[in-house]
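As structure tokens, here come the structures.
Two complexes are shown next, each including subunit A; its partner changes from subunit B in the first to subunit C in the second.
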Partner chain A sequence: MRRLSGVPAVWRALTPPVCRTVPWRALAAGGALGLLLAGMPRMVDGLNDDFYALNLLRAAALAFALSLAFLLDDPARHTTAAVPTPRPARQALRVALVAPVAALWWTAALLLVPAEVRPPTGDITLEAAATLVLTLAASATALRFAQEAEPGTAVAAGLLLTAALTMVLVPDRWAMFVYMKDEGWAASHDRWAMVLAMAVLVWGVCGPEPLRRRVRPVPSGA
Partner chain B sequence: MTAIMEAAPPVTSAQPRQSWAAVVALAGFEGRRLLLRVPVLLALAVYAFWIVWHTRDSFDGFPALQDADRSTQGAPLLVALAVMVCVNQSVLRSRRRDTERHFAVLVLQPGRRTAAHVLSVLPATAVVAACVAVQFTWEALKPGAIGTGSPGELLVGPLSVLLFGAIGVLVARLAPSAVAVPLMVVFFLFLFVFGASPALSDDWTRWLYPVVGESSANILPSDLLGRPAAWHALYLAGLALSVALLAVLIGGARKGVAGTALAGALALTVVGGVGQAAGLSDETAAARVRASVTPEKEQTCVERGRSTYCAFPEWTPRVATWAGVVDHVQSLSGGTAKGQQLLVRQRIEARYGLDSDAAVFPLSTPHQVTVGTAWGGNRVPEFSVGVASVLIAGNEKAVGEMCDGRMVTVMWTALAWESDPVAALRRVRLDDSVTGSATVLAPTESLSMTAGQTEVVRQLLEQPRDAVAAKVKARWAELTDPKVTTGRAAQLLGVAVPKGADKCDG
Partner chain C sequence: MTPTVSASGLCLRYGGTRALDDVSLRLTQGVTGLLGPNGAGKTTLLRVLATAVPADQGAFTVLGQDPGTARGRQEVRRRLGYLPQTPGFHPDFTAFEFVDYVAILKELTDRGARHREVRRVLDEVDLSDVRGKRIKKLSGGMRQRVALAAALVGDPGFLVLDEPTVGLDPEQRMRFRELIARAGEGRTVLLSTHQTEDVAMLCHRVVVMAAGAVRFDGTPAELTARAAGRVWSSTERDPGAKAGWRTGLGAFRNVGDPPPGADLLEPTLEDGYLLTLDGAGTEVAV
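Moving on, here comes the complex of A and B:
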């Protein structure tokens, strides 16, 4: 058996199979809905103002994030736990494959919104990035702390619930979804940056396989 | 072999009943699981928390039940969305766990399993119905509650849970992918947050949404609301039933029975949809005009003490509360105002329905005070200002032109009886201040206070009430003379005279 020598060779060998495991159909569905939402200000007359444009872009980011919740699902995780390439590397490869697509998609979504009603590009991109990375961090956490091979469904449900509850419950002082002409806009984006940093950190911590694993029967949950 | 063949017939004849028992058993099991799923539990917890937090001091303790029923509709949508996500995941569980092959050998056909999943939404619906009942009963039991609720409006919350649960099952059968329903929720969230905005909908299309809100805080008598609540409930029930039956049909039920039922449910939806789209009936429109223009023909009048109180029939229980305020104000007045007979009449502007908050114009009829349909909170000191200003200026129209020292007496008699008069002064002023000039709200025309008047009134309100009352009554004739200045009023009442002359800028 020929040994794969050097890191680039491993990546080359890994890329095609990992590429096949990326949930492209879910990403396509989420991306399509996102673009549909982002395109609404152009299509519906009544939505062509900056308030709707801002919230439509947020909804678009949420739609894409929901499909991203399935990215780290790995039906073979219990088998692949033993392979020499560690889990963070395999996850990083998946994310690297999707990242250009996501960047392209977000650019398209931003360009779909008419320039005169488009929210500040940097700030809204920060919100979208924080949402997407938070989703990945949640998936990684679910993989790290549960035996579930495909936690995507639960992560998606949790993400939706978080979004809805953040809208309804979070007091004005810590509001995340602020209108850009309100004074809390800058402060809320400090919080978004914090969420992004925390999500990256959590993802980093939860990436590796646990060295010891509590052995217990796989829960027969939904 | 022949023995088995002979034994077979009774089993097949008994099968349908057993199979329906199995459907009910599966529905019970799935229903219990659904209620215990984390998203549903969390949504229910938030919903219950919201009910307590909201209803504790909603409507300032004086709810009109024809509005309180509508306030039960929005919050169940959170539960509805959680149920939609979770029921969808339960239907897809057998695919995710790859147990579909095992189910294929069981007696329960896919159509019946789908029916069981649809039925599993019922327990969650019942919980929401109970929550709605609790919220509405709580409002109805408040001592200040008036009016009547509509069952049609109360049904909207539970029916939307049923509808979204059915949608969750249908989507699982149409697009068996875990990502479909979460993506729909994003869309629905957006629709609900912004769907009720007038930008997206004109008069009849907005009734296609499950929850139809109103932009106005206007409180109208229940027969003038003009909301097709019963038709809308019928429409929602029909829609929920149609979606559920469609899911069962796609799930593989026998075409005949399910198809007929689906046709019936669709007919129900269409009937409800047409009924709710009919718009405002001519009778309601005419009744709205009558109530706005000639309220005296619609109202019942009650004598209390010296004064007469005329209110729409639903508001007559509130007369005693109004009479209490009038008595308080008159007990602080002097001269003829103390024994003045007043006519307190409830007036509304109902011609624009719930589309806009229209103001009620002031009357020039002497000694007539207007009271609105809302009560509690800021409405109490506002009515009190209305009473005091009519007692001193003579009629509501004259109040708007008042810009002299009488304002001091009006504000003091209006507010001094409150337990915290300075707080009442703050509440009754438009900008919530107790210094500087400001507009003062009243049931009809607003009044304006200058900075000097504010200063004098605040000093008076901070002093002991009885001492000031004695001075006010002794100097009543001078204090209520149209020529009195704020400086003179301050002198008469023994407080520091403010600098600057009276100058109204309202």
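Moving on, here comes the complex of A and C:
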């Protein structure tokens, strides 16, 4: 039987069905909640200052990231475990479909914040990007090391817990959520850049399907 | 005959558990049954042979290709059909859309030819009438057949079926047996099952696994012959039997080492299977 001649042809044919497997409802819910949070300084007088605007934008990014935790969920994972189009290719296609939507959404979220209280766009975008990529890296890791087909709920819970623990437990000199007029603002964004780089690295390592397993030596008699 | 699958020394460990322990086997055309208790390593072996998970040690080839290399795995997957133990679906897809999606993932060519192939496999599993129905509205047996159609699409040379008849009613099971028998004509099928009747009716060969290792590899007749002279009838439960149960006729059917002068019975494949397993000491009262 003739087969598609190359990767681009597979991607073209795959785009419509993969587009249907994207959890658009979850993304719409997370996106709507995020826009609502980002728009609060404009809607509520008491919140119209740079401190609230900054933290509401962070909350907006987290809301969208929580919905993004479901992006790599694949109920047909086991049924399609042994097909020649590898899982990372399908995941990449989903991400490619959602990336422009996410970029538009974030632009809208930024524009909803009044210009006079809006945090530095580059820095807050770095925080948002790191949060979103960290979520995808966590999903890819869960899929790599667990047999779960839909780890989204666990990943979302883990993300929420990590955000809460980061706020509460991380000492000031390593703080991630810093006020922009604080002297540690620039240093915190160096750390955000590191988080982003680490997340990309983890995603890159955990995304591909392994050809061999790493075998740990087992003590004799075990 | 050139084997479709040739595996030697396959080992795989999950934590401290040896899921596969030095498994070697060769599979040729026709249906081979894989029997074993829960936790025997059947699903792990199937997942390894289907290239869904790599082994820790050992080597194997499928249809002449080595799945240990990226190119080899790709080639194997192009000629492989896999029905997992718990097939999942995108529930909003129709049966046709889902099998079509799998056909694209199997790199099948242009839309027209692919759709003809999807219609062919749906017809083969008797789902033509419901091909436009959403999967979430189909019964469990029908979903199982959608998964089989997805495995069959692209006419694979090697078909891996992991307990395809589990959870099906007797009529559905009979229908599934027909499908598997048909699928085994001209290709190699590896069928994992708990049902010894499935093996007796479908398979030209049977492999028994326990604790991650192969305990028996031969024909169903050879497995049955292991119980020759070791099945007997008695009016009371025989404490010396490895397994014993009261039949519908009131007498006890015992499997193990019979006492002198026992009333020997014709063995079945299940008797041979029970005697092959180490842990066959459970007594069953029916």
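Throughout what follows, the second predicted complex is superposed on the first by the 207 of 222 C-alpha atoms of A that agree within 3 Å, B and C clash if a C-alpha of one lies under 4 Å from a C-alpha of the other, contacts with A are read in each partner's own complex, and residues count from 1 in each chain.
In the analysis below, contacts are C-beta pairs under 8 Å (C-beta built on N, C-alpha and C of every residue); 3 or more make two chains touch, one makes a residue touch a chain.
All of these numbers come straight from a predicted model, not from anything done at the bench.
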| item | value |
| --- | --- |
| Which superposed partner A:Ala108 touches (first subunit B, second subunit C, both, neither) | neither |
| Partner chain(s) touched by A:Leu97 [first = subunit B, second = subunit C, both, neither] | neither |
| Which of subunit B and subunit C A:Gly46 touches, first, second, both or neither | first |
| First, second, both or neither for A:Thr85, with subunit B first and subunit C second | second |
| First (subunit B), second (subunit C), both or neither touched by A:Ala193 | neither |
| Residues of subunit A at both interfaces, subunit B in one complex, subunit C in the other | 222 |
| Subunit C-facing residues of subunit A, complex | 1-4, 10, 13-14, 17, 20-21, 74-85, 90, 149, 210-213, 215, 218, 222 |
| Touching residues on subunit A, where the partner in the complex is subunit B | 23, 25-26, 29-30, 33, 37, 44, 46-47, 52, 55-56, 59, 62-63, 66-67, 69-70, 150, 152-153, 156-161, 163-165, 167-169, 220, 222 |
| List of subunit B residues in touch with subunit A within their complex | 33, 37-39, 42-43, 46, 78, 81-82, 85-86, 89-90, 92-93, 96-97, 177-180, 182-183, 185-187, 189-190, 193-194, 197, 199-200 |
| Subunit C residues within the subunit A interface of the complex | 12-13, 16, 47, 50-57, 68-70, 73-74, 77-78, 80, 82-93, 97-98, 100-102, 104-111, 113, 117, 147, 150, 154-155, 160 |
